[in-house]
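The two complexes that follow have chain A in common; it is paired with chain B in the first and with chain C in the second.
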Partner chain A sequence: MSKKIDETSGWLQRFAAWVDGDREPPDRTLLVMERRPHRDFRPTEEEFERREKDRLRKFFNWYPIAATVICVVMAAILLTTVMNMPGFGDEDNPINNEVSERYLEHGAEETGSENVVTAMIIGYRGFDTLGESCVLFLAVAAVMILLLRDEKNTTGRELHQLEREEAGAREHADLILQQVAKVLTPFIFLFAIYVLLNGETSPGGGFSGGTILGAGVILFSAAFGVQRTQRFMNRRTYSVVRTFGLMLYAVLYGIYIFIGANGLPNHLAGMILLIDLAVGLVVACTMYGFYALFSRGEI
Partner chain B sequence: MIVLEYILLIGLIVCAIAAPLCKRLLAAVIVYMAFSLMMAVLWSLLQSPDLAITEAAVGAGVTSILFFLTLKKVHALKGTHDE
Partner chain C sequence: MRPFIENFPFFSIFLAILAGILTATIRSGRAAYWVTIGVCAASAVLNAFVLEYTYLGDLSFTYTMGRFLAPYGNAIKCGPLQALLTTVFSLVMGTSLAGGRRDLFQDILPQKQRLYFVMVNMILASLLALTYTNDAFTGYVFIEISTIAACALVMAKDNGPNLIATIRYLFMSLVGSGLFLIGLTVLNSITGYLLMPSLSEAVEGLKVTGDYAIPLTVSVGLITAGLGVKSAMFPFHLWLPDAHGGATTASSAILSGLVLKGYIVLLLLMILRVFSLELIVELGAADVILAFGVLGMIFGSLAAMRESHIKRMLAYSSVAQIGYIFMGIGLGTVEGLVASCFHILVHACCKPLLFLCAGRLSAVSGHHKSLKNLRGSAYRDVGAGLGFTVGALSMIGIPLFGGFVSKLYFANASLPTGMTAMTLLTIALSTVLNALYYVPALLAIWVKPPAEDEAAVLADVHAGELAFDQAFTAADILLVAAIFVLGIFYHPITDVIEAGVRLI
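On to the complex of A and B.
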């Protein structure tokens, strides 16, 4: 940190030093400004306190009024918009155009999916969903950047406290939570897999199934602790599954676009299933990753 | 069915008004969770079961868990030893 950066060193080194947070060489003019003694303008304690109290009182007087006004105005705007919207389920609504007609009439044969919603999400608008999966992936990456523990951002004291908390949780395990989790977790996993793999024919699909799967893993992790979760979900498995899901989706959808596009014979009826699986893996990993990173800072 | 829908809609409005008025943050999160749950039932009554499943899992489940974790991190849960 204290290494000197002189003017002659290359811009690359200076940039690296700037990224690392090293100080620029002190500016002479600033130094002069700093040296000048402060003007003695400190208010006394009582006056400071009084002024602070005054400000707080003003804030608490105005805050509810401002909040109410903003809420009422927003609600009025939204309500007038809703009033002016066409009625729910009317025949001549603008959404009942040729696009939805096409989806409803030809969806099953063009994408091989009985469920029109899945046909739309994964088939016709699969590119959107690919973007959404990327957003989820990046969200976990961003949370990792902020919250992941390593030796650089954790002091020994914090680690010690964390260990103590975990030991306490292990000794005084919540009996009700554990028993309930023991009964419920297999069924949650089963239901998640059912929803995930049955997205073609029944409501559900990648997003909902993945969320349920993630919730199941969260329940298991909350009830039985980190060690038992890490038997099947350590950091390596986690990143492999997450990346595999996204890559599988990208590859499959690429193939889907180039082979199964409109006008070509559709041999890819099973493709929806695999894409659903990929989305489900990404979503489940996102949910569990958020939980693990928020609660312990590691996966 | 239509009566159930009206009951749920009234519940939604009550929850939406109650959530910001709660003094305790934990209560606010739980009210928000109830809002999500009623919304999920409403979605399935409006014949969009896909949305209902996702709303129940994300809105009532995972979001609330993340809120609880955040409250625990900032020591806003009552009954924890370091409050």
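On to the complex of A and C.
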């Protein structure tokens, strides 16, 4: 079994080796799998490199051609489709049916929200919006798995360098940025809260309000550094706020679905306001989480 | 007032979502693991009750997710087929976690383990929602959730090749979601609806009047292609071996066994509830699906034959098995769909079993993955060896194992169609090819190597790995039992599937 099997041995031996499970075919995967050192036969470094380069060159010769063909075909298909679709804004388009009519005419009385968009995304189709909030929550969790500092993805030198950079930023603080941020941040927060609370009656709501809130926190953190941000937003508060937001939404909307589906009396009149707040918290945390994780690898 | 049991599908979806949020706050990985196992078990029990209720009552019901009836608000619809699928999915999810437990706690850093379980819970939620949804857009939202969570499952075992595999997987997945979303947008603008029953009526109307024929065709094509890319339909399968072959054992089992199936179930729902089988056949989409399925069956197996890395071999074998499922859909008959649904169940039990056993066999061989180094490993954990054997024999299609029954049903389904000869020959060829790579693998694990080779492999093994693994053995026994149940007592199960397709 330890007989040497390579491309030059007879087919019978190769077949026997293959049935035995002894075969070790050359690794043909492209760019990806880790390469195990070959037991018997090993090409020299130069030969290996040359072959690899050859393969890459072939790949890059074909790749642009294939990509262009696919893109052109796809564009042609989509353009043909668009030309045959109902025109934009025509009165008798299929989308102007009883659904949009009901959203526009009864949205306010049925969901208690003057703003039709809020009525639609939280009142009528709130389950989808819950799903979208879960997407945001998951996106941060996925980035945390990838970037949160741990012994595998950070070396001591990188940590040291990061500390040096932060110390440098503290000593040579950007005065213009700090002064502007000092004036602007309170107004940004105020505006964010206004948009969040008035999502029911005017344009705005959880998603837009949350984005503004997140942008405010990012501005503050960029101007005044990590330490001062961590006074009100350390990892613990961050994760509490984030999970509290989504939990609030899920629980409220769960009760709402249970009531609605079973035809029970509805006592959740103020629900939309609370859900808007919850969505806002989730969105703001997502924004700030991305910023912090990508720039420092921690929150 | 509806019967209380009709709330159970909604309870199971929300249970999984809430558990996903909750596990993000649990500090200890072990506690998060037990919460997740509990949620899987609870969801299996809830959905089993729903299965009993819908099958015995021969009914399916629509449950409004909110206060507004369709077509104004979200809704889910539940019949015997959906309840059966979700029960099996929840069970297999729990079993895969239990079976891959030891690898999982080794491969993932302690401070990140809870995040892994967040992903697992959300994948469970998205599988349940994709199976139950009666709203095409809810389908899209949960496709997104399962995309992110599935990529995170691959990258949780944090090494270079896995990160590259994740990036490829993410790109292909996003292409798939994008195509699905464009298709859905086109469909919405020519019909004006998102809820499946109203969509179906509108599509019916378009078929009669002949309006918007091109957008309708394109939308069918894009939705099929999008879901095809995500479930590794043949020409779009290249991301799969790296992603499934490199991930930690439990992730491979969940991704191969379950996540791929979620998208296929959504495609089935779109075909049966929205477009109708006749339209799919008329537009030629069925033939395309059939062709891709058949090619996948052959080329997946051929690629698997060339692999010596056991987990990549299993991953390529998934491509072939997904080909079977698409072939059943492509036949364009109800019998074909029943066979596909049965094969979804068989593969959902079989592939996790194979991945778990492969993970265990490689753990007792010093985490070597090539077949050469796994020689005689079955004697070091006989349970894993037997489990792998059962899974492999079922994949080949030996009678009494689950895989045989699904091949029988595929062959039966192909008889009344015009594709009989081609389909039967492909099934035969694919069976031979399956045997050609599973039998050498079985020989490799059961034949003792020369003493010095074994000693060389054993030098890499930690003493702890050879100890009896209770959680794995329990999972092993459960999945082996499931394969025998599917292979011997299949009549009640196909009855449920037939009732489910009728009531869908």
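A few comments on the model shown:
Just so we're on the same page, the second predicted complex is superposed on the first by the 203 of 299 C-alpha atoms of A that agree within 3 Å, B and C clash if a C-alpha of one lies under 4 Å from a C-alpha of the other, contacts with A are read in each partner's own complex, and residues count from 1 in each chain.
One rule holds in what follows: a contact is a pair of C-beta atoms (placed from the backbone, for glycine too) under 8 Å apart; a residue touches a chain by one contact, two chains touch by 3 or more.
Predicted model only: the values in this text are computed from it and were never measured.
By the document's definition of touching, of the two partners only chain C reaches A:A141; chain B does not. Of the two partner chains placed by superposition, A:P186 touches none, neither chain B nor chain C.
The partner of chain A that touches more of its residues, comparing chain B with chain C, is C.
In the superposition on chain A, A:G270 makes contact with neither chain B nor chain C. Legend: residue contacts after superposition of the two complexes on their common chain; A:E151 is shown touching chain C, with no touch to chain B.
When the shared chain is aligned, chain B comes close enough to touch A:F294, but chain C does not. After overlaying the two complexes on the shared chain, residue contacts for A:A250 are found with chain C alone; chain B is out of touch. Against chain C, the residues of chain A that register as touching in their complex are 1-2, 18-25, 28-29, 31-34, 36, 39, 77-78, 80-81, 84-86, 93-100, 102-103, 110, 123-128, 130-132, 134-135, 137-139, 141-142, 144-146, 148, 150-153, 239-240, 242-243, 246-247, 250-251, 254, 256-263, 266. Contacts from chain C toward chain A in the complex involve residues 1-2, 6-7, 10, 14, 17-18, 20-22, 24-25, 63-68, 71-74, 109, 111-112, 115-116, 118-119, 122, 125, 129, 135, 137-138, 141-142, 144-145, 148-149, 151-152, 155-156, 158-161, 164-165, 168, 182, 186, 188-193, 202, 212-215, 218, 241-242, 245-246, 306, 308-309, 312, 370-372, 375, 440-441, 443-444, 447, 449-450, 453. For chain B in complex with chain A, the residues that touch the partner chain are 48-50, 52-54, 57-58, 61-62, 65-66, 69-70, 72-73. Residues 115, 117-118, 195, 203-205, 207-208, 211-212, 214-215, 218, 287, 290-291, 294-295 of chain A are the ones that touch chain B when the two sit in their complex.
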